[in-house]
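One chain, subunit A, links the two complexes that follow: it is found with subunit B in the first and with subunit C in the second.
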Partner chain A sequence: MKTGFSVFLACFVALGASWYGFVYGPLKQLGVEQQTVILQSTDNWPQQRTGEATLGLQVYRQYGCAACHTEQVRQTGAANELDVLTLGTHNAEDFKGFMKSLLVVPELMTSSNDIVANLDKWNGQLPLVLYYGQNADAVSALAEKLKPVGVKTDARVVAVGPDIARGWGTRQSVAADYLYDQPVQLGSLRAGPDLTTIGVREPDVNWQLLHLYAPNCVVPNSTMPPFHNLFEVRKKVNGQVSPDALPLPKGFALGDDMEVVPTTEARQLVAYLLTLKNNAPLYEAPFTPVTAAK
Partner chain B sequence: MSDENKSCCNTPAGEPTATRSAAPMWIIVVTLALLFTGGLYLDNHGGWFNSKVYAPYKSVDQLEAFQPKSGAAAVAAQGKKVYEAVCGICHGVDGAGKPGQAPPLAGSEWVITKGDSRLAHIPLQGLSGAITVEGKQWNLNMAAMGAALSDSDLAAVLTYMRTSWGNKAGEVSVDDVKKARDAIGGHAQPMSGDQMSKMPE
Partner chain C sequence: MNQTGNNTVCSSEIDASCRVPLLALFGGAALWLVLGILLGLAAAMSFHKPDLFANCACLSFGHAQAAANDLVLYGFIIPAALGVILWIFARLSQAPLALPIVPVAAANIWHLGVLVGTVSILLGHSTGHTWLEYPRIAAVLLFAAFMLVAVSAVATMGFRSNREMYPSHWFLFAGLLWFVWTYSSANLFLLSGQPPRGVVQAIIAWWFSNNMIFVWLALVGVGIAFYLLPKFANKPLANTGYAIFGFLTLIFFGTWCGIPHGAPVPAWLPTTSAFAAMLTILPIIALAIVAGKTVCGSGFSLCAGPFCFVKFGTMSFVVSALLYVAEFCPHGARVLDFTWFSVGVTQWQLFGFAGMILTGAIYEILPRMMDKALPLPLLAKLNFVTFVLGTTIYVIPLLIGGYEQGLKLQDPSVAFADASGAALMFLRASTLGQALLLLGSLCLLLNVFVMTLQWKRGLLSCALSAVKAPLSGGEVKP
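Let's look at the complex of A and B:
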C-alpha cells in the first residue's frame, strides 16, 4: 500500500483537529476558571455549596430533573439606562421643557429623539427612565448635565433577552457559574421553567417541599409530576403532628390521623435548589444590581 | 451483447484518460472570498478567544463599555468596600458594634442624624471619652480613622452607614465632607460626646 502513510497522516490530522477544537481548546480557554469577585463588591462568586446541597445535586441528577428543566439563561443584548430619581427644584412640566432645551449638545444629538419620546410618554411618576439604549456617551452626558441643577440620576446597565424578560434571571449564565457543579446539569428541554435563579424566585423551603410533593397545590395547572417517593406518608404518632410535617392546603390534606414528612433526599434536593441563584453581576456578564437601600 | 462488447473494445480511442488541468479560476476566487469574510467575521465577533467575552458581547472593548461605572449602586459598593476595610474591624460588618471595641452604627442616633454635616467630624477628628449610643454608655477612644481617606471614599462610606442595616437617612455628599475637613483645618482634636451634642447636626 503505497499511500499508507498519507492515509495515516490524513486520519491523524482529522482526528487531531477535532480533538484540538472540542477538547483541548475549550479546556485551555475555560479550564482556568476560578472564583472571581462580584462587580462593585468584595464578595466572591460562586460559593462552594454546603454538604447537604452538594448531595442534593446528585438527587437532582438521579430524578432526571434536567430532562425537563434547564439551568442556562441566555441573553441577546445589553442596554444603558438613565433613571431620574428626583427632580430637584423642577416640577414635572418645566422639567420636560428644561430637558428639551438641553438636547442640543453634540453627544445627545443622536439620542435626542428617544429622549423626547420618553419625556412625552412620561406620566409624571418617578423614577423616570430618561434614556434606554446602546449609547453609553449619552448616559454620561445626561448625568453630567443634570447633576449641577440638583436632579438626582442613576446610570444603570441592564441585560436584555427573552429569558430575562420571562423573569428567569438578571443576566446570562457564564462558565464561572458552574464551577462547583459536578456534573453540570445544563438541560436542553424546557417542559418546565429554567431553574437558574429558582433560589431567588422561591426562597421558601416549605414552598419547595410542597411543590415537590404536589406541584398543583402551589402552582395551579402545573404539568410537573408529583414526586411522592421523596416523602413519607405515615400515621401520626400518638395523634401528634411531627414538626417536619408538610402544611398541606385544603383539598390536598390526607385524613386526620395521617401526615406527610419529607425524606432526607427531599431535604437535600431542596437545599440544592435554594443554592441556585445566579444574580451576581460579573465582569463577563455585567449589569447594575438593584440597590435595596433607597 | 456481443455487439456492445465489440463496439466498446474495438474503439480504444473512446476511453477516458486522466490528465492534469488547473482548478477553475472561479473556485479559487470564491474560496479566497469565503476565507476573507470568515476572517472578518471572526475578527468582529470572536473576541479573540478571550474566555471573558460571551455573546452577545463581541469584544473586550464592548464588554468594558458595559461595565457599570457610576450610579447609586457604585457609591453603595464603594462605601461597603471602604467600610469593610476600615470601619468594620471594630464596628462589625453588620454595624452592630462590638462590646469593648466600638458602639453600634445600626440605628445609632449619631449616624442617622437629620442633617448630614456633623457625622463627618467623627471619622475626621476622632472621639474620646463618654458617649451615649442607643441609651447605652460607652467610654472608649476612636482615632481619626477617616482623616487619611479621600473625600469621595469618606462620603461613600458615611452614605453606606446611613443607608444600611435598616438605617434610612439621607446621603452624605462629597461637599459635606469637604466642608467638614475645611472647618477642622490643621488642628484635629478628638471630641467627646458632650462636645459633639453641642454641634449642629
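Let's look at the complex of A and C:
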C-alpha cells in the first residue's frame, strides 16, 4: 500500500471481481431467460401482461408502492400432504376407527401421532388433510391402504414457510416470475402485506378500487394511506350515478349529488395488481396444484 | 501526520485554497440535509395519520421516503465527503488544492443534479430502483460532477511530497474509484434504453446499494476518521498493519455482500453474500481496533467538539456494520428481512456513522479554511447533542420494532395487521428522533450559512474599499 498504483490495483481487482460475479455473471445466467413451461401443462410462464396492466406497473413505480409492499414470497422447505377426497362407503366415525386400526403398519408408526391428531380435530368436512409432514413413505403407504376400500385420496407436494402459511402464495418466487417486469419491483419492506398473489386473493376490481380510495372501508384499521389523486370527485350528471362510480359504503360516501370515479391511472394500477398471481408450478419451484387433484 | 507547528503558514495557505470549493460543497450539503430530514418527517407522518397526504401524492410515503433517503445520501453525504476528501488530500500533500475552480463548477453541477433528481421523484418520475431513483438526466449530472471533483482530488494527491501513502489515502482514493465504477455501471445497465431482463435488475441494484451504503460509506467514513482521530488524540495512527488488513478485507469481502437471503435468484448469489458477510466481520473488528487504540488514552471529554462527533461516528460504524452483516446471515435474515430493522440499520449508517463523522469534519475544517472561529459555537454543541440523541431515538425503536415485527411475521398464527401493528408504536416513537435530527441539521446549516455570509460581506467591503480608495501614483498632469 505504498504507492497509488498498488492501491488502485487492489481496488480494481476487488471491485472487478465482485462486478464480474454480481453484475456480469447474473447478466449471462439470467439476462437471456425465456418463457418456461408450467409443470404438467403445455402453458408458458409467465404470460406477457396486457397493455393496461403494463401501464399499471408504471403507476405502481410512480407512486412508490414498493416502499411498503414486497412482491416476493419465500419458502423454507416442502412437505408431503395426503388429502382424503371421498370416504367411499364409510361414514366419518367409521372412517376414524378404520384409520386408527391401520396405524400399526410399520411405515405409519412414526407418523401415527400426527395422523391421530388430524383425525381428532376433523369436523367431518371433506377434503380432510390426513397427513402433512416430511414422511413421503407414510403418504404412499396411506394411499395404498385406502385405495382398496374405495377411499379416494390425493397425494400432494406443498411448499412450506410462514409466507405460504399466510396464504401469500403457493410456492416461493423465482427469477422466472419477473421476466416481463420493467422495472422489477421486489420491494424490501412489509409495512403492508406481500402482493405476489394479490390478484388471486382479491380478484374483485371494485374491492381493489375501494381499497385505493379509502383503505379503511374494506380493511378496517388499515395503515395504508388513501390515494385520492387516483380518483375524480365530481358532481353527478343530472343526479344520475355514473356506471364507473365507486360503490362507497356508508360512512365513506360523499354528499348525495357527488360521486367518486376512478381515473385511468387507477384502472391501470388495478389491472396490474390483478395480474399478480404466481400460482403456477415450475421446475425450480414445484408443488401439486389443488385444481389438478379434483 | 507531518503538518504541525513548523509549517503553519503553509497549512493556512492550503486551507485558504480550499475555501471556495468547500463552501460550495458544504453549503449545498447542509441545505439538502435539512430538506432530506424534513421529507423523512413527512414520510413518517404517514404512519401517524395515514390520510394526511391523501390529496397530495408527492408527499405520500412512497414518494417522500425515496426522496428523503436520496437527499441525505446524494444531497448531504456525498458532497460533504467530497469536500472533506479535497481538504484531506491537500493537507496530506502539503500543497494547495489543484485546479480549485473545477470543484466549484462541479459542486454547482452536483447540486443541480440533486435538485433535478429530487423534484423528479416527488413528481413520480423515480426509476423504481432503490438508491438509484434519480432519472437519467440527474444521474448524468451527478456522475459528471463527481468525475470533476475526482480529477481535482487525484491531481492534488499527485502533488504530495512524501510518496508513501497514508492510510487515509487508501480509503479515500478507493472511495473515489468505488463511486465512479459502481454508479456508472449500475446506471448504464438499469437506465439504458434496453435494461437487462427481469430479476437481473434487482441483483444489479442490490450490488450497487451494498457497495454504496456499506462499502463506500465505510471507505469514506473510516478514511476521514483515520485522518482526524490521530490529529485530535495528538498521536499517530495505531497499528498500521491492522489498517492495511482492514482495508484489504473490507474491499475484497465487503463488496460481495448485498444479495438478501431467500431472494428470488439462483441460490449461489445469496449464499456467496452470506459467506462474504461473515468474512466482513474481520475488517470491522480490525478497523475498530485501530480506531480504539488511536483514541485510547486521549481522555474522555464532553466538549461536544469535532472530536466527539468523529468518536461517536466511529463507534456507530462498528455497531451498524455488525448489524448490517447480521442481516445477511441466513438465521438473521429469516427474521429481519422485510422489517423496519433494515431501515433502522441503513439510517444508522447514514446519520449515526457517515453523518456524524462528516458533520464533525465540517466543524473542524470550517474555522480553519475561513481563518476565523465558528460564528455560532453554541449551536455546534447543540448540534452534537441533538444528533446523538436524535440518531439514538430514531434508530433504536426501529431496530427493536423491526425485530418484534420480524418475529411476529415468522408466526403465521399472528395476523399480519398485528405483526405490522407491533412495529407501529416504535415507528411513531422514532419520529421524535427525526425531529431532533432536524434541529441538529438546522444548527449546521446556520453555522455554514452565517460563515458564508460573513465571508461574502468581507469580500464586498474589501471590494468597496478598493473602489473608494484614492488613486495613488502622483498628480495627474493636464
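Everything that follows uses one rule, which is that the second predicted complex is superposed on the first by the 214 of 294 C-alpha atoms of A that agree within 3 Å, B and C clash if a C-alpha of one lies under 4 Å from a C-alpha of the other, contacts with A are read in each partner's own complex, and residues count from 1 in each chain.
In the analysis below, a contact is a pair of C-beta atoms (placed from the backbone, for glycine too) under 8 Å apart; a residue touches a chain by one contact, two chains touch by 3 or more.
Remember, predicted model here, so these are calculated numbers, not experimental data.
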| item | value |
| --- | --- |
| First, second, both or neither for A:162, with subunit B first and subunit C second | second |
| Contacts of A:223 with subunit B and subunit C, given as first, second, both or neither | second |
| Contacts of A:65 with subunit B and subunit C, given as first, second, both or neither | second |
| Touching partner for A:50 - first (subunit B), second (subunit C), both, neither | neither |
| Which superposed partner A:29 touches (first subunit B, second subunit C, both, neither) | both |
| Which superposed partner A:172 touches (first subunit B, second subunit C, both, neither) | both |
| Partner chain in contact with A:42 - subunit B first, subunit C second, else both or neither | first |
| Per-residue contact with subunit A, leading partner among subunit C and subunit B | C |
| Which superposed partner A:188 touches (first subunit B, second subunit C, both, neither) | second |
| Intersection of the subunit A residues that touch subunit B with those that touch subunit C | 29-30, 32-33, 76, 172, 174-175 |
| Interfacial residue positions of subunit B with respect to subunit A in the complex | 49, 51-54, 56-57, 63, 65-74, 76-78, 80-81, 84, 163-164, 168 |
| Touching residues (chain side subunit C, partner subunit A) in the complex | 46-47, 50-57, 60-63, 65-66, 124-130, 157-158, 163-165, 167, 169-170, 173-174, 177-178, 181-182, 185, 189-190, 195-204, 206-207, 211, 244, 247-248, 251-252, 255-256, 258-260, 262-266, 269, 272, 334, 337-340, 342-343, 405, 409-412, 416-417, 420, 424 |
| In the complex, subunit A residues that touch subunit C | 1-4, 7-8, 10-12, 14-15, 17-19, 21-23, 26-27, 29-33, 61-68, 70, 72, 74, 76, 162, 165-166, 172-193, 215, 219, 221-229 |
| Subunit B partner contacts - residues on subunit A that touch it in the complex | 29-30, 32-33, 39-42, 75-78, 80, 85, 136, 140, 143, 153-157, 172, 174-175, 281, 283-291, 293-294 |
